[in-house]
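Before any comments, here is the structure.
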Amino acid sequence: MTNFERPSGRTADQLRDVVLETGVTRYAEGSCLAKFGHTHVLCTASWQDNVPGWMRGRGSGWVTGEYGMLPRATHTRGRREAAAGKQSGRTQEIQRLIGRSLRSVVDLNALGENQITIDCDVIQADGGTRTASITGGFVALALACKYLRKEGVIERDPIVKQAAAISVGLFKDTPVLDLDYPEDSGGEGDMNVVMSSDGDFIEIQGTGEERPMTRAEVEEMMRLAEKGCSELFEAQRQAIG
Amino acid sequence: MTNFERPSGRTADQLRDVVLETGVTRYAEGSCLAKFGHTHVLCTASWQDNVPGWMRGRGSGWVTGEYGMLPRATHTRGRREAAAGKQSGRTQEIQRLIGRSLRSVVDLNALGENQITIDCDVIQADGGTRTASITGGFVALALACKYLRKEGVIERDPIVKQAAAISVGLFKDTPVLDLDYPEDSGGEGDMNVVMSSDGDFIEIQGTGEERPMTRAEVEEMMRLAEKGCSELFEAQRQAIG
Amino acid sequence: MTNFERPSGRTADQLRDVVLETGVTRYAEGSCLAKFGHTHVLCTASWQDNVPGWMRGRGSGWVTGEYGMLPRATHTRGRREAAAGKQSGRTQEIQRLIGRSLRSVVDLNALGENQITIDCDVIQADGGTRTASITGGFVALALACKYLRKEGVIERDPIVKQAAAISVGLFKDTPVLDLDYPEDSGGEGDMNVVMSSDGDFIEIQGTGEERPMTRAEVEEMMRLAEKGCSELFEAQRQAIG
Amino acid sequence: MTNFERPSGRTADQLRDVVLETGVTRYAEGSCLAKFGHTHVLCTASWQDNVPGWMRGRGSGWVTGEYGMLPRATHTRGRREAAAGKQSGRTQEIQRLIGRSLRSVVDLNALGENQITIDCDVIQADGGTRTASITGGFVALALACKYLRKEGVIERDPIVKQAAAISVGLFKDTPVLDLDYPEDSGGEGDMNVVMSSDGDFIEIQGTGEERPMTRAEVEEMMRLAEKGCSELFEAQRQAIG
Amino acid sequence: MTNFERPSGRTADQLRDVVLETGVTRYAEGSCLAKFGHTHVLCTASWQDNVPGWMRGRGSGWVTGEYGMLPRATHTRGRREAAAGKQSGRTQEIQRLIGRSLRSVVDLNALGENQITIDCDVIQADGGTRTASITGGFVALALACKYLRKEGVIERDPIVKQAAAISVGLFKDTPVLDLDYPEDSGGEGDMNVVMSSDGDFIEIQGTGEERPMTRAEVEEMMRLAEKGCSELFEAQRQAIG
Amino acid sequence: MTNFERPSGRTADQLRDVVLETGVTRYAEGSCLAKFGHTHVLCTASWQDNVPGWMRGRGSGWVTGEYGMLPRATHTRGRREAAAGKQSGRTQEIQRLIGRSLRSVVDLNALGENQITIDCDVIQADGGTRTASITGGFVALALACKYLRKEGVIERDPIVKQAAAISVGLFKDTPVLDLDYPEDSGGEGDMNVVMSSDGDFIEIQGTGEERPMTRAEVEEMMRLAEKGCSELFEAQRQAIG
């Protein structure tokens, strides 16, 4: 491992530069431009005074996520999903993940029969767009809740704890934190980990891309994720203020 | 007309602050973030080394436009078109307009059998998104052509002249330049005008929203558009350098 | 311009033979087969005792347009849009235009919470199908209103004035009225103009196909449109009786 | 049965007035407006110089049918299938029937690797649209083949025999020929029969709507269909000339 | 006919081995695995306590059918319709047939405003899947009704009589009963016949595939269908108990 | 934990009865009906002599998975995805998982430019359908490879090792193996684990449904998964023979 080197020059347990810029759009109840290195995701939180049909009459609210990627967020232009007429399986998988993750740290009863939609639109992609979406989406959500309480729309804060996410993976057979695109596409496996701010695991999605992963590798990757998320929780707290 | 006043305090023939910021994305061959006041449109130009099926074998290229709006670009969240499974009639109308307008100032033969796609994604909307798309899209296109010539991908500049667009309309029965959202939704009529830098008309799309427009009003609106476009041509030249 | 000649032998400001045949279908509340030379469009007006969801509770009605083309209305067979599974951008653009144009001459309050749908189906196409649709669609609409008043379904006539449309264009660099297909496909530009019977402009949609159009050309085209529409208004009055 | 009476006053074995008007469109290789009383179907035959992918390389051609109904062909306006985004099961069932029926009287080898599409568009409907489509579609097909031979596009006539279709049904428990809409919707059962001009059965599609049909009823209905088709064959021969 | 032989060695009027296995799924109100030789169709009946929108308020119920085929039910894998994004015309035709056939033997008033859906999923196909679907679907339906009466959900039996279906066809110019795949694809014509247990005809769908069928052939095929269905009615009675 | 009890009476680390029945369909190159208690999934492997477009020319093959659920596989009938016109996000997520998992144990070069599709259709569902699909899908795949080698279609065995999958979860705050539906819907979290037969992890997908999971819980769940998979590998070996 002496001559192990990451393409970006980072150490194995080092995040990219993380910036969580808030107040970036004029209309949304909460917004955050999450930058993890060259990965830039615009997250907005939108209040809507009703809930999906199947939830009506329970007195409880809902939080959902939507995800999109601008066609030229990537090296080569991708087809616009609206033109293709449907969202890819990958997009749907990611939006389900965003919604599940954020709901797990929210007291839905505190929302009343209302919904908050977190839109995560990738402006530029360099790996880790789904984890940046969750991390920035939480900030947009928390800011929206803060604003809605100030406006008297909701009475108590629905946010129970923080949620943040990071990717870890195997690159040149070494566990590393926060994969960028060269590591993601050239590595042996990766794992997206969503954590709560009390140190527990909300989601773990690990895949051996080139080969299955050993138990020891999985455990080291979980340890790296714990380190990364604890740094992200701090950045979120500073962004939310 | 003495007590006529625009919501923004502008004079009848005054544009909003226009900023054409270039080089805003890492991967696209050309890019421009076009800001007309609070209307912000991200325009990218993407090179693709083939043409649509019906054009093959002619030795000539193609320029096309695509348009989208982030769900929370507006006051109230709109439905994501990719989730709806189709692009609205309005979206298709706008992308056809962008493509037609930009093709009219390009020598398609100079592209060889290649295509440039101009993606215009509205980050924030306050009226005039289609005209900002064309004006900023031209900048992205011109920058891409400059880059492609420098790289030796194309031999001569396909850009024949500039194209820019502006909206004009009737607000409180007075012709005004560059409508913002309050004027657009509260006015009597509007007209989108696309011009070439030699002072001719590429497209004119005028609609009497609340009432038909008189011939005199149409002519005054065309005059305002000529003034606005000549300012936009200057801004484009400075942006392209 | 001495040796300028139109393929049809018409003078520059001459309409094709226009026939507005009424009562052509057994069931519709109003109907008109609009023939502009070889362009034949069957227009029907259908009464429906409700309005779109977003309009309910306002006490006001709606007029909308739909447009279609039979597969073999043209020289070579086109794909049936129902088989393709969606309406093209062109179709949607045209139906939006028809609806907007006809609504602008109707007092929607006089309809109550009811809707009239104007279906325009092109039986045979030789250029100018959208303008024939609007011109014939107005006749179908007016006849339906007449019938509905006679039957006591509505109390007063919702028709405020007439609407008619015609295309004008540049053919061999000369402004001409009412383009047929050879002129439309071989010309330098075209403009669809919708007018109201008091001489104002409801819609202007001009495109420089081969080259931008000068201001002088645009103005001459508007003058031709005024002449053409005034002849169409007379034909509509005779058809409606 | 003494006081049995059909709504139209026809006898049990009497067709409606049948008119097969030819040459009704300017562009199609063959066309026929088939009128069975108030049911009017515009049938066109379109030549296309290739075959569906799965047929290529066999040296043989194809005949296919498409079917549509104008939205206001019926008493109450139906939704446009192109707007709905798909063809109904009924439409698909009918177009499969048209294609199968016409192919059964054509020598597909005589077409070479080319296709003829028969479009049947219902302008006005009063029962029996599918049988009028087949009967008129055959005329359009035969006229197209005649034209294509004259032009030297095909060498020998692909038409082997005639095909015609008629509906029969049970109305007030009595077998009747050529149901109109009141009989179709108020009867106990119906059967669409497609025959070849040598007196054999190409298709039989019988349904007991209100009750199952007895063997004797089925046989009487087949006898009526034989009578009706023999009159249609004569009308086709006169139309084709 | 001395040397006539069916691929399976059966006589012309012989059914394949028919097994109607009941109680094959844990959740459905009624179920039947219908095996006609190698053709295996899983039929389930599902109770639903509402009716389609257009039926509400009439106090009457509905029975509908749905049909699907597992991708590898056939020799070569077919595309999954859910992946293709739509049901083929063939599928829709078959489900309409199943629904119509079963409704014709049910007293819909006895269901109240409730619906029973019969799902017919082809596990393995060797010809005759639609007739096996109807025959097995009736068993599932009858078992569901028996169960619902026992549970007190409905008060009286909605089943008025039995419905069963069989295919007949021309193979080597000989009418034969219950076609398997080699006969179906290699024969001259086929006919699907749905009968009620009092010996009448619910549906007859006959097609001359290779050539039209004579009147005598059709009548012999109907006779064979009567024989086959009477055996199926007996098998159904034993299955239902 | 003394009074901890699973609804099924199983111990925390006990699988349901697992049956992997082979040779269950007549046409597929390999097939397996995987039963995990009341969960029954029919898995077939289909050989196809080409690869998706984007893989052509690399000399390598592909393995893909498709997943479906019969409408009445569950307590209440679900909508048929083919009728809905699209596959749900959940379905797409599962088929992507099946494909990834099985590809990870196959040497794609040994397939040549050919594809094997694993169809997993749920006949009856009681929790764990995706893990039963992978476990049974592997058996179908291995049997297909065995057959294809015997037939000389492929030269060497593409199977490198076994893949199997099992769910683990938290029920009443206790980690348990192989969740059935009551445990899945009433538990606090679950994790689907795909392993290779050399004891490594191909996929880990864990979700805290009701609350985040502690690190200790995750590790105990991984231990249970290791135990469960080792029993499944043995069952697979016996099934494949």
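Letters A, B, C, D, E and F mark the chains in the order given here, with residues in each chain numbered from 1 onward.
Basically, a residue touches a chain if its C-beta (ideal position, glycine included) is under 8 Å from a C-beta of that chain, and two chains touch if they have at least 3 such contacts.
All values derive from a computational prediction rather than experimental measurement.
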From chain C, the most remote chain by mean C-alpha position: F
Most distant chain from chain D by Cα centroid: A
Chain centre separation (chain B, chain C; CA means) in Å: 28
Distance between the centres, which are taken as Cα means, of chain B and chain A, whole angstrom: 33
Residues within chain A bordering two or more other chains: 85-86
Touch-based graph of the chains, sorted into line, ring, star, complete or other: ring
Cyclic chain order - from chain B, heading first toward chain C: B, C, D, E, F, A
Contact set on chain E toward chain D in their complex: 86, 88-90, 92-93, 95-96, 100, 104, 191, 195-196, 198-208, 211-215, 218-219, 222, 226
For the chain F and chain E complex, residues of the former touching the latter: 25-28, 31, 38, 42, 44, 46, 48, 66, 68, 70-75, 77, 80-87, 91, 117, 119, 121, 123-124, 126
